[in-house]
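Okay, so chain A shows up in both of these, paired with chain B first and chain C after.
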Partner chain A sequence: MKHLLNQKKTIPILKNIQDIDLVGYGKSIEIFKQVGNPKDVVKKFSLDKFSGSHAIGHTRMATESAITTDGSHPYSTGEDECLVHNGSLSNHNNLRRSLIKDGIEFKSQNDTEVAAGYISNSLKNKTSLKETLTNGLKDLDGFYTFITGTQKGFAVLRDEIACKPAVIAETKDYVAIASEFQAMAHLPDVNKADIYEPKPGIVYSWGS
Partner chain B sequence: MNFDLSKKTLREVNSYLQNIDLKSNQRDFVIKNPLGNHALCAGLQDEIKVTIKGHVGYYCAGMNKKAEVTIEGNVGTGVAENMMSGLVHVKGNASQSAGATGQGGTLVIDGDASSRCGISMKGINIIVKGSVGHMSAFMAQSGNLVILGDADEYLGDSIYEAKIYCLGKVKSLGADCIEKEMNDKEIKHLSALLEAQNIKADPKKFKRYGSARSLYNFKIDNVSSY
Partner chain C sequence: MCGIVGIYLKNKKYNKQLGKLLTGMMNNMASRGPDSAGFAIYNKSSKFKYTVCLQKNFELKNLKKILKSKLTNTKYKLIADHVVIETSSKPEKNNSNFKKYSRY
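Our next item is the complex of A and B:
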């Protein structure tokens, strides 16, 4: 399920082919999702052959919706946008209703998709990613660590209680963010990296 | 004796250290390539010294009794949680809930500790040379939390009888936590805590925080609320 499509072309195709689910669109961000062992999914999509400036991987323990490809992260509700989320939102139903009124489309009942829609809606109005996420602190009720990517860069935000973990490693060559250090223990020169925990309620962003 | 976690399993290393043959004279251990593993050195109960060379995951040296564990790197959530005695020394930064529910012993963190450091501590001494994150010493029952840097919001929220000493700035105090007098007895008490770890800092410059005791005591005026 590879989707690297121009939005204008995508819509007519989807109308005719009912079995296709669009997981994202744009010019540079590619999204792959599937249910299964991460090792098999990585192999199936030949992720080792990819290159680029930023990448996000996510495995999900389902809480708010079923274990399906539809329920998998990342969620993309805008051109070259994606969001992964560790946590749970409590006001997603109300927020979904108000975003639908603003013209945002949703495909699942998942709470994270609502947060992705919230971000798309704000970016659409030329608000910066950093400001969008800062506004999210008052509009998104629940607990979360978000990582969001756009064509230009990416950002991480933890809610103000910060019960969901995150750790950042920065070297002169790269920035890595993970739920725990174990996920990046094999990165080159990680033992020389500046390793710290993002503070609650503060947006950390790179290149965006 | 050296262990390499890229060659041995976590279970093998922990099991060896938890079941020391006291007839042997081997008391010093080094663990290489910890690779962020969780629960490393949890449940040690003998007087041994362990040095971990690198970053570790969650609950490192949890439930420690008697052992001296030094981590030459950062630690994940809950380092030395529920420690009973001994010493845990983190040379890098610590993640959330460092020393949570610790009942005794000493936890020293050379870098910063993040949110909820010393949550529900019950007798442990925690010394953080850097700063602590928000809600540190939340519901702390007894023991000492010494902070040489700053403290984020809601320090000592709903605190019982633990003592907090802070050299830097406190962003805000939590419910029922107040500044308390730093008298001669307290200065002497703090001096002993600092000297035990060879820390050169003037105890007179610290501020002390503790419980106003208005939250956890039953008050007859509030009887109608129950």
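Our next item is the complex of A and C:
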């Protein structure tokens, strides 16, 4: 299996261990991903036992690359950063080439990995998450709803045509986002939640 | 297709149920993406965490053996084929075990 995360090579202690792949790292983040039906995957990782401040999930129908663990989301390309994506990018090959010139390496052929690299590269240059995603509207061609997580919270962005669905439910206790409302039907007090569709081309962020 | 979900807690009321809430969200999106699944959980620690995936035939005890002398104050959490290594050793320039990140 190819390395899931490129920075493994920048962490020498892990670099020398051929039999592991680094999935994510940071002060807060823990990432788990695997091939298989989501219902089996979440059971395998005992997701229901986890506690924390925020969380992001992805269920994949493969389009741009093979069904493998390193083709699975979330993609993490920086400390406490991760990205999930519904949609597909059409300029990821060009963008990959230009990011490689900036010193970034990609291990999979996946389009989302390129977007994750784009975001990390921008954050590395001290651009805020909101500004990074706003710039992404120009630089990332294709259709997408992104959720990108940082240590403090997460942000949501849909392409300007809003090809891919998204719905937000917000109460005094939480903000939830999902591709379809049915994903949130079990959440506490969801009947009293403020429910709206995020507008195309607008960055929504919480905590960050 | 693909399904994406996220939940951000504004206060501590549901911290302990975060995984449970996300489980329901992912189960309900299984029909949008039956091929694979993954999730990121944010739970702040005073230490540094690395999530690694063990390849076939490589066991946690082997990993522990390799890292024993290199990391300090370390805990290992094994879940399926993933291990969360929680350690005081940070990947920063002052720690001789790690180089400063050259990328990202």
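As a convention for this text, the second predicted complex is superposed on the first by the 196 of 208 C-alpha atoms of A that agree within 3 Å, B and C clash if a C-alpha of one lies under 4 Å from a C-alpha of the other, contacts with A are read in each partner's own complex, and residues count from 1 in each chain.
Everything below uses one rule, namely that a residue touches a chain if its C-beta (ideal position, glycine included) is under 8 Å from a C-beta of that chain, and two chains touch if they have at least 3 such contacts.
From a predicted model like this one, the values you see are computed outputs, not experimental measurements.
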Simultaneous placement of chain C and chain B on chain A, clash or fit: fit
Partner chain in contact with A:A162 - chain B first, chain C second, else both or neither: first
Which of chain B and chain C A:Q182 touches, first, second, both or neither: both
Contacts of A:A115 with chain B and chain C, given as first, second, both or neither: neither
Angular separation of chain B and chain C about chain A, which is computed from CA centres of the superposed model and rounded to the nearest 10 °: 140
In the superposition, chain B vs chain C on chain A residues touched: C
Touched partner set for A:I195, first chain B, second chain C, both or neither: first
Partner chain in contact with A:R60 - chain B first, chain C second, else both or neither: second
Contacts of A:I31 with chain B and chain C, given as first, second, both or neither: second
Minimal inter-chain CA distance - chain C and chain B, angstrom: 10
Chain B/chain C common contact set on chain A: 180, 182-186
Residues of chain A defined as touching chain C within the complex: 1, 4, 6-7, 10-14, 17, 19-39, 41-42, 44-63, 67-69, 71-74, 76-80, 82, 84-87, 103-105, 117, 120-121, 124, 145, 147, 149, 151, 153-154, 156, 166, 172-180, 182-188, 206-207
Partner chain A, residues of chain C touching it in the complex: 1-11, 13-30, 32-45, 47-55, 57-58, 62-63, 66-67, 70-71, 79-84, 89, 91, 97-99, 101-104
Contacting residues of chain B [partner chain A, same complex]: 35-38, 54-58, 73-74, 76-77, 92-93, 95-96, 112, 114-115, 133-134, 152
Residue ranges of chain A touching chain B (in the complex, touch as defined): 162, 165, 167, 180-186, 191, 195-197, 199-200
